[in-house]
Amino acid sequence: MKPSKHVIHDIQRVPAELVEGMRAYPTATIHEAYGAQGALFNTIKPIHPDMKLCGTAVPVKTRPGDNLIAHKAIYVAAPGDVLVVETASFVEAGFWGGIMTVAAQQRGIAGLVTDGAVRDTAEMIKMGFPVFSRGVSIKGTTKNCLGTINHPLQLAGVAINPGDLIVGDADGVVVVARADVADVLAKAKQREEKEAKISAELAQGDTTLALYGFSEQLEKLGLKE
Amino acid sequence: MKPSKHVIHDIQRVPAELVEGMRAYPTATIHEAYGAQGALFNTIKPIHPDMKLCGTAVPVKTRPGDNLIAHKAIYVAAPGDVLVVETASFVEAGFWGGIMTVAAQQRGIAGLVTDGAVRDTAEMIKMGFPVFSRGVSIKGTTKNCLGTINHPLQLAGVAINPGDLIVGDADGVVVVARADVADVLAKAKQREEKEAKISAELAQGDTTLALYGFSEQLEKLGLKE
Amino acid sequence: MKPSKHVIHDIQRVPAELVEGMRAYPTATIHEAYGAQGALFNTIKPIHPDMKLCGTAVPVKTRPGDNLIAHKAIYVAAPGDVLVVETASFVEAGFWGGIMTVAAQQRGIAGLVTDGAVRDTAEMIKMGFPVFSRGVSIKGTTKNCLGTINHPLQLAGVAINPGDLIVGDADGVVVVARADVADVLAKAKQREEKEAKISAELAQGDTTLALYGFSEQLEKLGLKE
Amino acid sequence: MKPSKHVIHDIQRVPAELVEGMRAYPTATIHEAYGAQGALFNTIKPIHPDMKLCGTAVPVKTRPGDNLIAHKAIYVAAPGDVLVVETASFVEAGFWGGIMTVAAQQRGIAGLVTDGAVRDTAEMIKMGFPVFSRGVSIKGTTKNCLGTINHPLQLAGVAINPGDLIVGDADGVVVVARADVADVLAKAKQREEKEAKISAELAQGDTTLALYGFSEQLEKLGLKE
Amino acid sequence: MKPSKHVIHDIQRVPAELVEGMRAYPTATIHEAYGAQGALFNTIKPIHPDMKLCGTAVPVKTRPGDNLIAHKAIYVAAPGDVLVVETASFVEAGFWGGIMTVAAQQRGIAGLVTDGAVRDTAEMIKMGFPVFSRGVSIKGTTKNCLGTINHPLQLAGVAINPGDLIVGDADGVVVVARADVADVLAKAKQREEKEAKISAELAQGDTTLALYGFSEQLEKLGLKE
Amino acid sequence: MKPSKHVIHDIQRVPAELVEGMRAYPTATIHEAYGAQGALFNTIKPIHPDMKLCGTAVPVKTRPGDNLIAHKAIYVAAPGDVLVVETASFVEAGFWGGIMTVAAQQRGIAGLVTDGAVRDTAEMIKMGFPVFSRGVSIKGTTKNCLGTINHPLQLAGVAINPGDLIVGDADGVVVVARADVADVLAKAKQREEKEAKISAELAQGDTTLALYGFSEQLEKLGLKE
């Protein structure tokens, strides 16, 4: 039942053109296009509201208060990957800081998602490295413990597999299983087109009650006032 | 005991000139002018710190995870109204998003206050629509359930009636009962004038201990050091 | 066991040149240089992410919901001091607001750290007065109760003595005991130099695994993959 | 807008026979019988799960961390009254303890409901005095501040007027407005009889799907599996 | 991506003799025997500390604030099954109460695990029906909405599939995947035997430092004091 | 600044007769007798409400999620000592369980206080070993990391030194500095005697308003109603 190896090097990823395609869509649109699946708990937020993230997941399991395996993960991940680091929700230590950000950007890593905390946030914001975390903490960690890289894990209420797509913006983070990305992309496109059309109709004086059939629904439920 | 109708269309509102008058004052000033009443719990905050809100309340009670009645409320409210939406404090779904913001702005609605969550926050900030919520969530809602519009309700520790004045800024949200607005406005004006005068005196080297009589109060309590 | 006096006027402070020296360093660096000591709980945050604070502590103990002693503290503190106000973690009242900020700036006070709440945040941000708090609340306080000034206290998990150094930035707040500041400053300088060197080496393609000896540590723990 | 007097002595109460009648019903039944109204937030719980409370409300507003007005309230309340004490949700002090419990029982007071904290819980449990609070704290309070007695207030999300009925059990606390008690009592009786009948039918092999028409409802929604 | 049917009737279960075997072991032992996997977040607790639960999972996904699908689940589940009900962590309504407990016991259902809330807890405790929840709430739900039964879901940080083993006691709830139960049972037995042996040795004056080799480990880390 | 040794063996303790004397008093009484000092945050509670604890502190600092140093502490502590274990408030692992309880009781240890979590609670309750913790968690820990024993630390808002007195009951935990115990004991005795006398007077119809002079205080504040 336990993984025989700590690190899995060989994972399949979402093709680059699908990643690029998905980058254009807000997380809320993707979540709807995915059948209302994949949103992390809303406690995971960007450290700056303008941050936008889109890439393939490298799931990392650390010991709370230790970041040795996270250093290793920087060098296991490929350009465009997002480190998704599970810490047992430990926010009393910033396991990720300025030096790791320099190293990760050097490696072309697309960003970080974690249920733990980070530090040196001003530096990360300045460097434009997107980080979505549950907290910020001045405290650091030890560098003593193993963990796993590219094993499936649960983070903030969602099961994440290596190579899944991770998208983040001001609203939070959504995960799309690798096999579903093409389908979700198509549906997101349709949804955005539909929403643009509806926005235009609203601007001309139409109502959501009419456009979505809500008046009918309200009436069916007995509200005719 | 239960309302016989879901929607009440005919409500009385704070006169427009009083709304405009109140817009100039910070929430903390209004709260003091109102005798330390009307502040919502401090968990209700603007989605962007620069947001400012002033308008008349249209209280809306929704089912957690459903926004059908909130759509209806957009078309029950009048220009200048603030939707005040009670969701049983459910923050694991954003019941309000981009399309509803477009519809609400088209209708002249002044803003949204809720103990629930919203999504598409980047869009709302860009559109300049003031939103004060307890959370942000990627997840959406169903459109299946009734609720009430313009019935009195409790939100974040305060009783809110239709037509009450709602004021929000970076510090949070304060509610003033319709009948009390004129009086609170006069007192807020006095308070601001007094504070301006005190600020000027402080700038000239005076102290709060002297200006407010705190030295005397401290001495009365036994502190003469 | 109880203090015989409420206010202690005569305290020793960190020398000004050490305060100035420390101002240059991020809180995370100082915390590490101090042997992983002194960070407040991560619930204490700046009211604006750009705020930076560095000064000597004047610890103040207030009654939750009363700010009389905080007014007194403005006039006990010396220029460059930071008011460190313990409120029993009471965040349902903003004991500090605009007028107090005017008074404090007039007195040359360097900033405020508190486990309580503040109000008039927009004003403080505009005035450039650094405030680190656990919350923001519209509600005010009474002015009836005594407290202590310049007695040692516990705040957010750290023991704070009068004259200790307080440093705050976007990551939070760290406290350094007066006697340790010179040593911590020297170590912070070394650490920053080391980090700058490592950043440069990373930019040239080196890895954290090699630079910090983590590969060796991982191997020792059995990870050779 | 502000009350001219701190204490109102003359209040109307729910007649004793209605209080006695309501005592027999669980809070969940009363809440349903009342049209799903009146339940306090579920953070207010008995200090011992066997505690049961039924009486008329004497609303008391205290300063957080002060209990002077709560002492006064013991002597304003009549036998059978429940003290309902609002503390701005301050749980870092137990404003009510053993001595007050002795005094209250001597006066025939029926129990205590508060959004604050209490101490000496072992003693209260031993004395059989029902207490529903948001917390337990060793710390005590000062005895310096005024408050109000028998003014309406908001507590844990519900508006409470003097003389309202307060019922508490292991599930929490529910409030019924004085004017509605007779009607709610009749409906609670009907509901309990209906539930007893349904329990009996379930015991004979019937199903909730059939007894409540849920099969039909499921089918209408499209679930026929 | 979305399930084509709401209810799956045909699931595989852990064989009865394995369920019975596992019933003897504490959750902490099972968790260790399972390689430190399967424990729900520690916010899910029994409503009475003496409750013990062991059975096969019927995962149910409800709308927050609606229990129609939970009624259906009572009649989809087989004797010995545990209803595992996901509510989006909504604790401001007790979706399960006395009548449902009567119905569930009549059907031979082994218990309930939920990230939501329940009510009528005194009744459930009296009836001996084990319930593990995140909260208790007086408030009820509507009966209007569909959901899913026997679809995989995430609850309190763990992925749960229909037919998995659910074990609960005073420490919380642990989930074991169906395919792993036999193996975990064997390992739990070994662990309990080892712990009994160690307890006996400790009783004779031996130490955990010696029995587990911790002295050696401490010495290796440099602690020889 | 950093301790040169991990373990300090030689500490001074409160004399046994003072420990025995203090055992008789409730934590709330001791806290008052100590001048309203020493109470831990109210998040630290006994795992069973009947638990009572009194002994001398052996402060232990662990890494979150590791209990190696806690094992060592069992054998550093003397009979009558209380282990006071700081875990950076990490409650997602029970670092203390059944085996450690057996070992600790064998050594005569008086109990455990921690800001972390424990497991095997049913076993500890059965064995009568008093445990005061911030949480309960099924999950275990590694045994890899050092920490400190008998160094001063901060726990739940209070500074604790080796040899301080620790008292716990249903209301929580209070700490008294070693040098202050004799004085606090005398004052606690006086306080209990005074409270017994007041209880007797209340039983004869006297009031707290008269006995404590509260009527006079209320009148001075303007309340004569």
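By letter and in written order, the chains are A, B, C, D, E and F; residue numbering begins at 1 in each of them.
Here, a residue touches a chain if its C-beta (ideal position, glycine included) is under 8 Å from a C-beta of that chain, and two chains touch if they have at least 3 such contacts.
The shown structure was predicted, so the numbers you read here are calculated from the model rather than taken from an experiment.
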item: Reaching chain F from chain B through chains that touch each other, fewest steps; value: 2
item: Residue-number overlap at the chain B/chain E interface, same or different (half cut); value: same
item: Distance between the centres, which are taken as Cα means, of chain C and chain B, whole angstrom; value: 32
item: Centroid distance [mean C-alpha coordinates] between chain F and chain A, Å; value: 42
item: Multi-chain contact residues (two or more partners), chain C; value: 92, 139, 144-145
item: Chain-chain contacts as defined at top; value: A-B, A-C, A-E, A-F, B-C, B-D, B-E, C-D, C-F, D-E, D-F, E-F
item: Residues on chain F engaged by chain C in the complex (per definition of touch); value: 1-2, 34-35, 37, 154, 157-159, 180, 183-184
item: Parts of chain E lying in touch with chain D, wherever the complex brings them together; value: 5-7, 9, 48, 68, 71-72, 74-75, 91-92, 94, 97-100, 102-103, 106, 117, 119-123, 125, 135-140, 143-146
item: Chain A residues touching chain B - in the complex, by the definition given at the top; value: 26-28, 31-32, 36, 39-42, 45, 49, 169-174, 195, 198-199, 202-203, 205, 207-209, 212, 214, 217-218, 221-223, 225
item: Chain F - residues contacting chain A, complex; value: 63-66, 88-90, 92-93, 139, 142, 144-145
